[in-house]
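Pasting the structures in now, so scroll down.
Here chain A shows up in two complexes: once beside chain B, once beside chain C.
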Partner chain A sequence: MTVALKLTDMETALIDQLPQDAPLRAVLSEHGLPHRRVEEWKWTDLRTVVGKLPAEPGVLTFTISREPDAWAEQDEEPSLLMPRLASALGEDIQVYTLEDGERLELGLEASSGVSNQQVLVLVPEGVKAELVESYAVEPDGFANLTLVIVVMPGAELDRVIEQHASPDAALVVTSLIDLAPGAKLNQTTLGFGAKLARLETHVSHAGEGAELQLDGAYVLDEGLHLDQTSLVRHEGPNGVTKELFKGAAARGAKGVFQGKIHVEQAAQKTDAQMQHRGLLLDDKAEIDAKPELEIYADDVVCAHGNAFGALDEDALFYMRQRGLPESKARALLTQSFLAEPIERIRDEDDRERLLARLMVGLEALS
Partner chain B sequence: MLVIENLQARVDAEDGDGRQILKGVSLKVPAGEVHAIMGPNGCGKSTLSYVLSGRDGYEITGGSMSFDGQDLAEMEPEERAAAGVFLSFQYPVEIPGVPTLTFIKEALNAQKRLRGEDEVPAPAFMKLAREAAAQLGISNDMLKRPVNVGFSGGEKKRMEIFQALMLQPKFLILDETDSGLDIDALKVVAEGVNALRNEERGMLVITHYQRLLDYLKPDVVHVMAAGRIQETGGPELAHKLEKEGYDKYAGEAA
Partner chain C sequence: MPAVKETIEDVRQLESDKYKYGFTTEIEQERAPKGLSEDTVRFISAKKGEPEWLLEWRLEAFKRWTQMKEPDWAKVGYPPIDYQEAYYYAAPKDAAKYKSLDEVPQELLDTYKKLGIPLKEAEVLLGVEGAEASAAEARNEGSQRKVAVDAVFDSVSVATTFKEELKKAGVIFMPISEAVHEHPELIKKYLGSVVPVTDNFFATLNSAVFSDGSFVYVPKGVRCPMELSTYFRINAEGTGQFERTLIVADEGAYVSYLEGCTAPMRDENQLHAAVVELVALDDAEIKYSTVQNWWPGDSDGKGGVYNFVTKRADCRGRNSKVSWTQVETGSAITWKYPSCVLKGDNSQGEFYSIAVTNGRQQADTGTKMIHLGRNTKSRIISKGISAGKSDQTYRGLVSVHGKAEGARNFTQCDSLLIGDTCGAHTVPYIECKTPKATLEHEATTSKLSEEQLFYARQRGLDEESAVALLVNGFCREVLQELPMEFAVEAQALLKVSLEGSVG
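And then the complex of A and B:
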C-alpha cells in the first residue's frame, strides 16, 4: 500500500507550471522531489530543504564570455528527475559549440525563488577547449541547472567549476556528459556548499583511449551542505578514470561524497581509480561517503579509497610556536590537505585563482 | 628575563587522572646568559619546554613563569612566540604542503604584526634567508620543500636553528638540538647558535651531552631530576655529571 504523498507548496507550484499533458506531473505528484528515502539522495534531503523555500519564480543571471550559438528545444527527454524539471521548466536550451582553443566562461547567479535552466556544450572532434563555470544562489533561492556536455572523439575539455557558498539557498547542478572514444575531460570542482547543494555528474565513458579526470575539493562552513555525487559508466575498453575528492567540514556542516564507477563487460582494460579524503574540523562536523565500484569486466585495474581525519595537533602547535595565529595555522594545514585536487588543474591561472579562493574560504571559517 | 618559580604541572590524561611531571621547578635566566639543563630521561625537561611555550595538554598546578615581566601562563603560544620565546623542538614536526620559506615568512610577519612592527619586504627576507642558509649549509632545495617533510633527523635540527636565525627570537629554548647531529653538523649548528648570542638574548639549552656545551660555553648548568632542579652550578657541573651520572639524584625520584 502506498500512502499518498502530501505535496509541499514548492512541489505544488512546480506541478502547476508543467503542461497538463506532461508525464512529469504524475511523477512529481506521486514521488515528490528527491528525499532521503530515495537511495541516491539518502544524505541530501532536497525535498525537505526546498519545501521551506518560497515557490515564486526566480531570476537567473548569466555572465557569459559570449552569446550562445543557438537556443534549442529539448528533443529527447532526460531520464533523471532534476534534468527533466530543468528542461521542462527552464527557457530554451542554450547551446554552445566550442572552438579550438576557446575558453568559455559561464557564470550563473540565481536570485531568490525558483529557477531552472539547461545548457548544452558541444566540443567537436579534435577541439581543445576550456569551460569555466561559477554558481551562486541568493538566500531563498532554489536553482536547478542541467548541463549536457558532449566531448566528441579526440576532443579535450578542461572544466573548472566554482560553487560559491550560498547560505539559505538550494542548488542542484546535474552534468550529463558524453565522453567519446579518445576524448579527454579534466573536471575540477571547488565547492563551498549551500543550505543544500548537490553537484551531480554522470559520465558515459566510451573508453578507446578516452580519459576522465574527475576531481573536487570542498570547504564547508557552519550550516552548509554540499553533496558531490558522480556516476561514471565505462562502456568501451581501454578507458581511464582518475577521481580525487578532498574536503573539509566545520562544526555543523555536512559533506557528502557518493562516487560510483560502473565498468561494463565490454570495458576490458579499464583503469579506474577513485579516492575521497575527508577532514573533520570539529567533533560536530559530518562527512558521509560512499565510494562504489561495480565491475562486470574481468581484465581491469580498479581501486577506490576513502578516509577521514582531523588536523594534526602537533603540527598546529608547532606553527603557533613559530608565531602563526591559530586560525592561520588551521587554514594553512587545511589548505595543504585540500590543495591536491586543485593543484591538478592544468591551466595555471585557474589553478592559482582557485587555490587563492580556497585559502580565502578557509580563513573565513567561523 | 625568564623567571620560573616553583612551577608545577601535570599532563592531562584521558581518564582525568593526570600525572604530575613538574614538581616545583625554579630557575632564572637573565638576559645575555646561557643556561644548560641536564637530567635523566623522563625527568620532565621537554615537559618544561612545552609548558613554557604553551602547548595544550598540560595543567599548571602551581608556581609561576614569567618572561620580561609578562606572565607566560596567560599568553597564547603565538603571543609567547611574538614576545620572543622560541622552542627548538626535540622532535620537529612535519608539515606537509607548506613550503619551508613560505612558512617562516608567514611566521615572521605574523610575529611582527602582533608586535605592531612593519612586515619584512620580500627582498630583505630572501637576503636574510640566503645568508642564514649559507651559514648552516642548508640547500635551496631544502628551503623549497615542505616544512621538515622527509628531512633526516639531523636536517630537521639544522632547520630549527635556521628558523631561529630567521626569526631572531629574544629567548631560545633548545631541546636536545644536538641529538641526531653528526660531529660536523653539531659544530655548524653550535656556531649558528653562538651567532645569536648577545647581551639581550637568553638561552635555555637542554642536552645530554658535553660536546654541545663545549661549543656553547654555558654560564650556568642546572641538573634536573624527578621534576625539579636538584643542583645548579657552573660549567664544571656538566663535566662532573659526565663522569658520575645521575645516581646521586636517584634518591630524589618518585
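And then the complex of A and C:
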C-alpha cells in the first residue's frame, strides 16, 4: 500500500534546482525529505518543519580564521541524503589542510532561505590541531551543511562545536569522519537547539590504537529541538570509543539522542562505552533516546547506559537546608549535571568559554 | 540449588538426542484446502461452528490483512513467505471424545508420552470420558504441585485437564473455541481488546485464521489453585499454527500460566503467528511464562519454525501486575515483543527474557513498556546469548507519557557472544515526557570469561558443561523468575541449545 508522496513547496523547489539528469531528483520525488516514518529520523521530522519554511535561496556567511586552501568539486557522491543534497546544491567544497598546532575557527551563519555547503578538513599524518566551529541560523532559514573530516594515521584533532539557539529555523550538520589507525579525535558539542536541529556524526573508526571521544551537552528551552545522532563504525581491532552526552529540556523543548556503535567482526578487542543522561525540567519537555549496539566481534567490551530523571530531591533538600534558595539550588545542580561533558574539553580556553556559554543558557531557563 | 542434580540428569537425557521433540505423529489429519482466501476463513469458522459475529470479525481481519504490508524493520532475513503455500487449518481427524484409552490412536498416545505428559493427564487431554476425576486423584495422591494442561495439537485444542477442579474455584480454563460458545459475553468483551484486529500484519493474519488456543478467566478475588499450562505443537506438514490465547484476571485475581512449544523436524519452514492477550483488572496479577523450543532448523539453516508472535498485556486496573518470563531457545526466526500497557495507576510490568541463538537462528525480540498511569513501574531484564552463525537483537521500547508521574523503569540488557561468527545487537527506544519519572537503561556485550572457563575446567568439567554452567550463571536473574517446573527444563535447554558452539 504505497501512497504517492505529496511534495511540499520546499521539496519541489529543491528538486527544481537539481540538474535534470541528477539521480537525486528521483530519490527526492519519491521519498521527500527525511520524516518520522523513516526510522533514523523517527523523532526528528525534518520534512514537516522545513516544509513550512520559505524555499528561496539563502545566504551563508563564513567567519573563518583563514582562507580555505582550495575549492574542490565533488568527485564521489556521498550516500546519505542530506550530504548528497549539500553536495548537489552547495558551492564547491571548501578544503582545509591543517598544520601542526593550528587552530581553525569556522563560524557559520545562515540567513533565511535555504543554504547548502560542504567543507573538507584534512588532518595530515602526525599533525595535532584544533577545529572550533559555531553554527547559527536566522529565523526562516534552513541550513544543510556537511563536513568531511579525515584524521590521518597518528594525527590528533580536538573539535569543539557550539550550536546557537536558532528559533524558527532548521539546521542539519552532518559530519562524516574518517579516523585512521592510531589517530585521535576529541569532539565536544554544546547545543541549544532550533525549531529543528540535527547534528549527525558518522565515524569510520579504523582501530589499531585509534581513540575517539564523542561528547555533547544540550540545553533546550521554549520549544526548541535538538537531535544528536551518531554512528561509530569500528572496522579494525583495538579501537577505543568513549561517548558521554548530557542534556536538559524545558518548556516544550525536545531532546533526541541516537547513538549507535557498530563493531565489525574484524574489530576484536574494541572498547566502546556510551552514556546518555537526560534531565526533564518540566512536564512540557520531552527527551527520547536510542542507544544502539550492533556487534559482530566476540572479544569486545561494549556498554551503553541511558538515564532520564529529575534532579535529586535529597540533594536539593540538603542545599536548601544550607540556606540556598530553591531556584539557586536547582541551577547549581543542573549546572554540575551538564558541565561534565564540557569539562572533558582539553583546551582550557575552549572549556572555559563553553562553560560560560552553558551558564548563560541555564540562566535563561530559570 | 537443589535443582542442580535434577538438571544434570535432565541434561544427560537431552544430550542423547539433540532435539528430542523432533518427531512426527502419523495420524490422519483433516485440513483446510491449501492457501488463504475468504473461503479458508469461512471454512475454519464453519469447522468451529462459530457464531456469525465471530465470522464477521475474522472476515474483517482478513480484508485488512490483504491490504497490509509484511513488516521488514526487524533485523531478520528470510525468503519471502508464500502465504498461499501453507495450510491454515489442520485437525487430528475425529477429535471427538473417546470412550476409553483403548480407542485412542496409539500414535497420539505416543506423542504425549514423548512430550512427557503423564498418561492420566494424557487421557484427559484426549478427552477420555471420566478421566478428569481420576487424573486429579492421581495428582493429589502424589501430592505434587498441580498443573492444569491445555494442549494445542496443530490447530486444535485437544482437551483441557482439571477442568472440574478449576470449575470449583470458579476459574474458566478451556479451549477458546469452546469458550466462544459457553462464554460468548466474555469473549466478545475481551477478544481483540488488547491486540486490536488491525494491530500488525501477523496479528491481523492470526485474527483471520486463528484456529484455537486457550481462554482463561479468573473471577474476582480468586487465586487460581494451580498453575495453568498449554502445550503447543505443530505437527502436520506445511501447516501454520495460529493459536490465540486470552487471559483475563478480574479484580484481585491471580494466575500463573505456563506455555511450552515444540515442533517436529521438517525441511520446510513452518509458520507460527500467535496472539496472546492478557487483561489484568484492579489488583490482579498475571504471571506468564514461556519456554519456546520450536524446531530451530538444521545447522545449515534449513527448515525450522518462523515464530512471529504478538503478545501484549493490558494492565487496566489499579495496582495490577503482569510479568512475562520467556526462555527462547527454538525457532529459526523469532519476532516477538511481549509488552505491557500500564494504564492503571501503580500498575507494574515485568519482562524477564533469556534468548539463545545457535546455528543459523535469528532472533529479534524484546518488550514494550508503555507507561500511561501514575506511579507505574516496569522492569526489563534481558539476557541474550549468541553462538554459531546466529544473529540476535534485543529491541525494546520504554515510553513514559506526560501523565505517568512517578513512573519508574529499570532496563538491563546483557549479551554474550560465543564465537566470532555471530552477532548481538541492542536497539532500545526510550521516550520520556514527564520530569517526574526515573528511567534507567544499561546494556553490555561481552564474551565468556576465559578465566572462569579455565577455572571450571580445572575443577573437572568438560568444556561444554563449563560453558553451560557459566551461561546459567549469566542468566540466573531470569531463571529464578521461572516457576519450578520450568526452571529445571530451561537450564537443561540452555545447555542443549549451545551444543557444538565451543571448540
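Details
By definition in this document, the second predicted complex is superposed on the first by the 347 of 366 C-alpha atoms of A that agree within 3 Å, B and C clash if a C-alpha of one lies under 4 Å from a C-alpha of the other, contacts with A are read in each partner's own complex, and residues count from 1 in each chain.
Here, a contact is a pair of C-beta atoms (placed from the backbone, for glycine too) under 8 Å apart; a residue touches a chain by one contact, two chains touch by 3 or more.
For clarity, every value in this text was computed on a predicted model and none was experimentally measured.
Once the two complexes are laid over each other on the shared chain, residue contacts for A:57 go to neither chain B nor chain C.
Shared-chain residue A:333: touches chain B; no touch with chain C. In the superposition on chain A, contact of A:322 is made with chain B only, not with chain C. Which of chain B and chain C touches more residues of chain A is settled by the count: it is C. Once the two complexes are overlaid on the shared chain, A:281 sits against chain C while remaining clear of chain B. When the shared chain is aligned, no partner comes close enough to touch A:139: not chain B, not chain C. Residue ranges of chain C in contact with chain A, taken from their complex: 67-69, 73, 400, 402, 415, 417-447. Partner chain B is touched in their complex by these residues of chain A: 312-315, 317-326, 328, 332-333, 335-337, 339. Taken together, the chain B residues at the contact with chain A in this complex read 53-56, 76-78, 80-82, 86-87, 89, 92-98, 103-104, 106-108, 110-111, 114, 146, 163, 167.
Chain A meets chain C in the complex at residues 1, 39, 42-43, 265, 268, 278-283, 285-310.
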